[in-house]
Structures are given as C-alpha cells and as structure tokens.
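Read the structure below first, then the notes.
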Amino acid sequence: MKDIFTIIIRLTVSCILAATVMGSAFIVTNKAKKHNEHVNEQKVRYALLGYSADKPIPDSMALHEVYRYIVSDKQSQYIGYLLSGKEGFIFLTLDLSGKVIDNKSVEVDEAKVLEKEERDKVVNGIVGAGKDAKFADQTIIVTNNGERIAYLLDGKFTGFKTFIGVMLATDPKFTLLGLEILEHEEDPGLGAEIEQDYFRNQFKGKTFEQLKDLDVVKEPLPDEYFQALEGDIAAEDAAKILKKYGDKDIYALTGATISSRSVNNGVKSIVKKFAYRLNILDTALAEQKIEVAF
Amino acid sequence: MMIRRHFTYWTAVLLFILAPVLLQAAELASGQKFGAENEIILTYHAPVDKTTMQDGGMYTVFEESDPDIRLEVQKVGISGDGRSVSLLFAEPLNTAKTHVVSIRDAGGAEIESLKVAKSYIGYLLSILISALLVNNFVFTKYLGLCVFFGTSKRKTTAKGMGVVFTIVMVASALMSWFFYQFILIPYGLNFLQIVVFIGLVSLTVQAVDTILRKVNPILFNSFGVYLVLVIANCVIIAVPLIMANNNYSVFETFMLAFGAGGGFLLALYLMSSVRERLELANIPTTFKGLPIAFIVAGQFAMAFLGFSGLQLF
Amino acid sequence: MANDKSSMQLIARGILSENPIFKLALSMCPAVGISTTVINGVMLGIAVLFVQVFSSVTISLFKNKIHPRIRIPTYTLTIATWVTVIDLALAAYLPEAYAKMGIFVKLIVAFAIITMRLEMFACKESAQDSFWDGLGMGLGFLVGMVVIGLVRELLGSGAILGYDVLGFKPLLFFILPSAGFFVVGLMMAFFNWIELAYKQAKGKK
Amino acid sequence: MWTIVACLIPPLLLSVFVFGIQVLLITAVSVASCVAVEAASQKLLGRRVTVRDGSAVITGMLLAFVIPPGVSPLLPVLGAVMAIYIGKHILGGIGYNIFNPALLGRSFLLATFPVAMTSAWLPPLQDMAVFSYLGEGVSAVSTATPLAVIKEQGMAAFTEMFGAGTSLYGSFFMGWRPGCIGETSGFLIVLGGLYLIYRGYITWHIPVSVLGTIALLSWIFGGETYFSGDPLLAILTGGALLGAFYMANDYVTCPTNKVSQLVYGFGIGALTVMIRLKGGYPEGICYAILLMNPLSPVLDGWFKPRRFAPPQGGSR
C-alpha cells in the first residue's frame, strides 16, 4: 500500500515538473513562432511583388487583407467580406448575385484579425444568431499611395498526387506578375519540377485575356526560352526572348503533363474566380459609397 | 482440403478486387456522379421529359464552397432511354470539391437540388490504400524500422508482431483522436501532443497486455513477447501524429491506423518470407545480417514505387 | 561497462565502437528517412543530441528518486518532455528546417537509442558521466547522419550543404526513399569490411 | 540458357528495323556491362566465374528490351550494376535473387532518369531507314507510347494517332509502334515463347494466366462502362507479351508449383491492369512482376501439395 502511494506521489511530482518545463517552453517559443511565421509569409509576398532584402518595400505601399466568408442561414447563402475601411474594419454581406444585404463596421483589434480563430469568432458575432459564417479564403490587395498596384491570391488544387498550394500575384488588370509554389508532394525529378523557375516563370506576364484560354502544350521547351526563364542570360536579351514567347501556351514539363496541366488549370481558376468576385465587390462598394482603405 | 484452407484468403482477395465495382454500382443507383473531367451525370429511375430537360438554363451548378460562382452548363445530353442526363461544362471540374446541382423549372422554382461528390467511402478507402500500399509506412515512410528488421527473421514472429501492431495502432489512434479533438484542441494544449500520444500508446499496450492475459492466455503466450517492443516504436506514435497534422475525422483515423497496421503486417510478412529464403543463400560475410536486410528492403521499396500515384477511387 | 570513464573515452565510444546508426543499428528510421541532405541530417542530429544529453542528465540527477516500478514510464515522460521542448524551439526559430523534417522531430520520442542509454547508463552513473555519454551517443548519431547525408546529397542532387558542387544531378535515385535503404546497407557492409580488414591485419601481427 | 538468348534475337533484329541501328548499340552495351559486372562481382566475392552460362547475357538483353530506344547508351551500364551486383550477387548469386534482376535494373533507371525513361520514345521508321538516327542523333524526335496516349489524352486521341480496327491490331502485333526496345514485336515474342514452351524451358501456366487476367480485367474495367474495354489491345500494347513470356517466367523468381504459378500469373495480371488504369504509370507490368516476385515463395508455401504439408496445428 505504501508502495502505491510513493509511486503516485512521485509520478505526480514528475508530471508537474514535466508540465512546468513544457509549459514554459511553450510560452517562450510561442511568440517567436508566430512572429517568424508572419515574417516568412511577408517574405514570400514581397518576393512575388519583386521586392527583397536588397530592394525593400517603400513606405507608401500597403497590404490590405480581404477575408471572404460564406454566411448561411436556413434558406440561403450569402458572401461576407471582412475588409479594412478608412478607419477600422467593415463587414459587408452580399447575396449571391452581388446585391448588398448588410454593411456593418467592426470594432476589432488588428492583431486579432490576423489570428484565424479570433477572427472567426468576431465574424460569427457580427452575422448574428441563426446564421453561420465559414471562412472561405483571403486575398491581399496591395496599394501604393492609395492606388491599387497588385493583388496577391492563394489557392490549393489537386495535383498529380496530393494538393498543390500556390500563391500568385497579379496586377490590377489581372496580368500575372508571378507564381510561387508553396507546397506539393509531386514526384522528384518529374512533377516536382513545377517549383523550378523555368516552369513557374512561364506564367509571368500572361494577361487576363491570354489566361482565360491558356493551355498546356506537350512540346520540348526551346533552349533560349529555358535560359531566359531561368535568368541565365543578360536581362536585355532575356526580355527579348521572353517577349518572343510571351503569347505561347505553357510548355508542359517532360514526363509530368498531368502536374503541369493541373497547375495551369488551378492558376486559371484562381484568377478567374477572383476577377469575377472583385468586380462584384467593387460595384457593391461603389454603389453603397463605402470608403475603403484600398 | 487445400482449397478450403485458402477459401478465406481468396474470398478476401476477391472482395478486395471487386470492391471498386460494388462501390460504383452502389453509386449509380444514388443518381449523380462525375463523368469525364468536365461532366456531371444524373440518372433517374424513370425517363425524363427530353424537351424540357434539354434546356441548359434550368441547371444551376456551383462548387459548394463557392456558391457565388456559377459554372456554365455548355451542353446537356440526354441518353436514348431518357434516364440519364449528362451536363457538360466548358472547363474541367475540380472533382475534389463537392458540387451542387440545382434544377429549376421555367418559373424559377427549385425542382430538386443534388450534391455531387466523390463518395466518402471511396475517400476513406483511398486513405486505407494509401497507408497500406502507396505510402507504406515501412517502405516509403521509413517508420518502425528497428522492429521491422528485428522481428522479420521468422514468418510466424512476423505475423504475430504485425497483428499485435495493428491492434495497438487502431486502439491507440482512436483514443488519441478522442483526446486530440476533445481535450487538446479545445483547451489549446496542442503542444502536449507528444506526451499525451505516447502516454496513450503505453496505456493501450498495457491494456492489451492485461486483457489478453485474462481472456486468451494461449494467444497471450504467443503475443506477449512483442508487446514490450511495441511501446518505443515510431510506427505506432506516427499514426496519431499524422492524424493530428491532417485533422482527420474518426473514420479517417481508423482507416489510417488500420491501413498503417496492415501495411506493417504486409511488409513484415513479405520481408520474413524473403529472409527465410536468404538464410540458405551464400551471402558475403560483410553483408551478413543487417546490411543485407537493408538492401532487400531497398529492393522492396523499389518494387513499391509501382504503387506511386495510385488512385483507385 | 568500462570503468575508466574519462570524458573523451565516453565520447569516442559513442562515435566509433558503439555508433548508434552503424553499430548498434538503433534509430534507423530517421537515418534512412530524412538523410537526403547534410543539413537535414545535422538538424535532426542536433535535436537528438539535445534530447539525449538532457534526458541522460535529468535521469541521472533524479536516479535515486525514481521508483524502480515506474522506471520506464518516467523515462518516457522525461524524453517526451525534452522532445516537446526541442520541437517547439525548432518550430519557432527554424521554421524552414522544421518543415523539411516533418514529423521526424516528434518521433525522436520513440527512438530506442535514447531509452536504451537511460536504462543502461544514466540510471546508474553520475550526472557528469551521463552528460559525456549522452554527448557521445548524440554525436555518434550526428556523425552517422552527416555521412549518410553527404553521400545522398552528393549523388542525388550534386551538391554539398546545399552548394552546387557537381553542377548537375547525377543520380536522382539517391534522394528517393528506396535509396536510403541501399546507402545505409552498403555503408554498414563497408564498415563491417573495414573492421574485418582491421582485425585480420591485427591478427597477422 | 542460350536457347532463350536465341529466342530473344529475332525481336531485337526487328526492333533494329523499327527504331534504327542505335537499338543494337544499347543492347550491346547492356549485355556487355551485365557480363562484365557479373564477372567482376564473382571475382570480387571469390566465387567461380560463370559468365559462360549465359544468364548475364539474358539479363542484359532483357534490361535493354525494357528501356526506350531513344535513351543514351550509357544508361544500361548503371542499370547493370543494380541488376547484377545489388540485385543478384550480394544476395548469394545465381539462383538466390528475389527480384527479377532486369526489372530491378529498369526500376532503378526509371527512378534515376525519370524524364529520359518516360519520354525517349521513337516513332517507328518508315521505308526501312535503319541508319537514320545514327547520323542525326535521336534527341530531336520523340513520340508517346500507345499506353501513355490512352492514359493522358484518352481513347479518342489514341484512335486519331494510331488508327483503329484490324490494321491497328496487325501493325501492333507485328511491332510497328512506339515502345520499349524489345516489347513491340508481339509476333516474334509469342513465336519465341511458344518454342520455349514446346522445348519445355517454360510452362504455359504463367503466360496464359498473366495474359488471360490482363485481357479479362481490361475488358471489364478498361472501357467507359463496364465490360466494354478492348482486351486484345491491352495485350498488344505495352510490355504485356514480353513480360508474360520472358520476365514473369524467370525460373528463379517464379513459383514452382502449377497452382501457385496460376495464382502468381493472376496477381501479375491484376496488378498490371490496376497500375495501367489507376496508377501513376502508363505501363504496369514491370512493377507488377516486381511486386509479385517476393510472393512466390509464399505462394509455394500456401499451395504446396498436401503430402508435404505439416500436420494440422503444427504450422504455428
């Protein structure tokens, strides 16, 4: 009997000790983790916009996040946008055809909006009882001195094996500025080549019109184009070559047509959906004369 | 006699092979499915009215997560007997997402609304197949190698070990799922994952040990030896960790654990049958023992590359 | 166990005669799993080193307080605690390297080598010796990982430590799963061969 | 052994006429390196050098037969090391390999040079221009194999590229199609295989059950709806015939018992169809055979004649 007591006491003590160690480690690291995650995210975004450590982003530029929610009650569904207004946040509810249903300003701390769980709570509070808001996606509108200069979109679609996660940048006319592959599990040497410059950069500079019926061709990538895409040759020559191939379709990766095609389709659908939605959102904002930060 | 002895094996094999047919047959009756990459097929028990159903305007189709974006129906095809309607779209569909098809009459009133998705059972089975073959825990994820090389010398040992592993894996994974969903997440204790999962694994092993000792002492005598080995093994603890990473539901967790255990059993069984054969071979001295086992495992891994990209459902 | 436990000897034992990867053949999973590049190997090696040293020291400090009947659970708890700490730290400060290692950092908790050292060494010896022993074992693991990583990175992606050395990718095979088995198997055989040759040379003398 | 080599020569010669003279070069390099690796490993491991028995020559030829005709002739050298040294001699030498060495070599090459091994296909030459590729170099022309076309572009594109009906079957059976070096000429492969069966080198069980299963399952699952696939096409495309007659039948890696041979063949056929229709590769027979190889001792154990079976209850 005494044995059991000592065992229990010692186990409890060791558990408490262990919990203290882990708990303090968690508290110490958690802040750093969030900070680093944020920094990394920013890095990817700035890189897509063409900024880096050598070429820092100017102060006049600002990134505005737009969070899209799907609000549903028993009968129908609505689209809700959480966006930053001139002061504070605005939650705008549109019906499926784009008519404004509701427009509320939201008093919330900016740090809270960045955290998905906190944000979800806030939004569900706004839509009120009987309605349910589900986070759908987030896009970023980049402005310079109040003028829109780019959009940053991200998305996920099925590749050859599992999901491919991408982030892409377009200018205000939806011409592609860049594409970054964030995650994928394609085969090394085949589908995994989608993360290489010579594949990703083919998308650069494709206009919205081109993008609408962009296809994948199963032809070998011309040598000069490859070098220009990889940035192996002088910038001037490269620009000429890139221009020459500018209106071509995407050259599929050798041996990985399916991966190439799914990236192509994925990018197309992300941009098309965004363009459609942004148009509706802008019309609604203009109609209601809502002042927003972008 | 021989046939009867293997009857169960072959029924299992046959069921496994026929599973896709049976599943798809079951789906056909339910009425809607994806056809070609840009096609949705609706089937009806009675023939539909061809002239009215031909109108593309009556169908509203969208992805469930994007209700504001309507997919344009380019063409409606109706089969000769009028029982199946095929909707063709301009763009390939994202079959990973659930699509909603709502059919309205001329007045705009909704006749019916259907959800088209890849079947959930198919998805569950694909998790199973993935853990079992495509991403076999031993040959492509390199988990549990210590036990794998340690206990694959004899076929009987391998079988016993594999079965014990599967049982412990399923039990501990389900418990871990419960703890993860109802304690770790709600209270923000996700960082305690490792401690909680390893504790649950040890607990399961202890429970299996006690139960088996009481219920079936003979089985216990043949299994008991391996139970100790199970605790400190990465293949077991990996299942709850993967579950937590992917946020699996309880069924998905079960399939993952079952597939992982089955895959481990399969790998052990194949390896042990090969190693029994290798004992007769004249292997160079420097390669005797573990090195040769590694190289054989590497060859197995190369053969298992054949499963890569396999999508049965 | 040797009685002459100078710190250097303890370290040398862990790296050479009882190398956890090539000699004791424990903790093979990561040795095969993420040794595709040297950096990955080093990162995991450091994590293991950390867990091994801290667990060894902890256990040996508290060795008199641990009830013999709950020895194994206590070990597990200790290891799990330190693994959690290193896991959190890596996730926070080196997120990119952490992402590459996947769940293998968390799986350190199930490494047989750590439990074994606790059971065989730390629970009997002083904290100081346990420290050196843990350091030796951890370094042995680290060295093993670096060697495997070096071979696979050079042959698989033509680079060393991420720097392109060869300028081309000779054999893509070596960064694939199956190659890990071959590399470790062939290396084990190679070390066996060296040992054999060494013994023969000694025998002749 | 040399009889099998003799049976492999006609398909090779036809392949030279279909794909050009470099096919001969690849095969020669492959055979030479296999023989060299075999001799070297036997020397190294202190065994009797037995290259004269022809088994390395067969492995070399089969290795060349399962790679595309447009690859660099250096590829089989690497494949030979994998096939002969790692796949066979480390495991105890001739008679102890678990996996078919040639296919192991191919699997290694496919993993190492995925692009070359999946895209260096050549279109069949018109009007007997045997020497054309030697001068021009082969990288300029490439095409896709029938199975890859079916898999990636669908049946319609296949019909457009290769035609349909009897003329299609005819040209495929005679070997006038893109594909691996030795797998195309169905007619000569079948002829050689039948001769081997007649001479008693191989039995009919494995080829019949492999091809039967492929045909049956392709017929059931291969089409748009069930029971509408094209069984004949399934057998004539890809490496089905070569695999069934020469690879699956490798006497070291296949089961010995008749019943288990039938089951083994069924397994190969089923896995082949599964990989072809649902897997990541257009052709599956290589991996199907590799996956069934380690099962052959298991199958022999399951189906061993009753008189050798251990008494009931004693097997555990």
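So that you can tell them apart, the chains are marked A, B, C and D in the order they are listed, and the count of residues begins at 1 in each.
One rule holds in what follows: contacts are C-beta pairs under 8 Å (C-beta built on N, C-alpha and C of every residue); 3 or more make two chains touch, one makes a residue touch a chain.
Computed from a predicted structure; not experimentally measured.
When chain centres are taken as C-alpha averages, the shortest distance to the whole-protein C-alpha average belongs to B.
The chain with its Cα centroid farthest from the Cα centroid of chain C is D. Rounded to whole angstrom, the centroid-to-centroid distance between chain B and chain D, based on C-alpha atoms, equals 30 Å. For the pair chain A and chain D, the distance between C-alpha centroids works out to 46 Å.
Each chain gets one centre point, the mean of its Cα atoms, and the points for chain C and chain D are 42 Å apart.
Multi-chain contact residues, meaning those touching two or more other chains, occur in chain A at positions 18, 22, 25-26, 160-161, 187, 189. Residue positions 191-192, 195, 284, 287, 292, 295, 299, 302, 304-305, 308-309 of chain B each touch two or more of the other chains. Contact with two or more other chains is made by residues 86, 108, 111, 114, 280 of chain D. Within the complex formed with chain A, the chain B residues making contact are 65-69, 91-92, 94-96, 191-192, 195, 308-309. The touching residues of chain D, when paired with chain C in their complex, are 78, 86, 108, 111-114. In the complex of the two chains, the chain C residues touching chain B come out as 25-30, 32-33, 72-73, 76-77, 80-81, 83-84, 87-88, 103, 106-107, 109-112, 115, 176-182, 184-186, 188-190, 192-193, 196.
Contact residues of chain B toward chain D in the complex are 1-2, 6, 9, 17, 20-21, 156, 222, 269-270, 273-274, 276-278, 280-284, 287, 292, 295-296, 299-300, 302-312.
On the chain C side of its complex with chain D, the touching residues are 171-173, 176, 178, 182.
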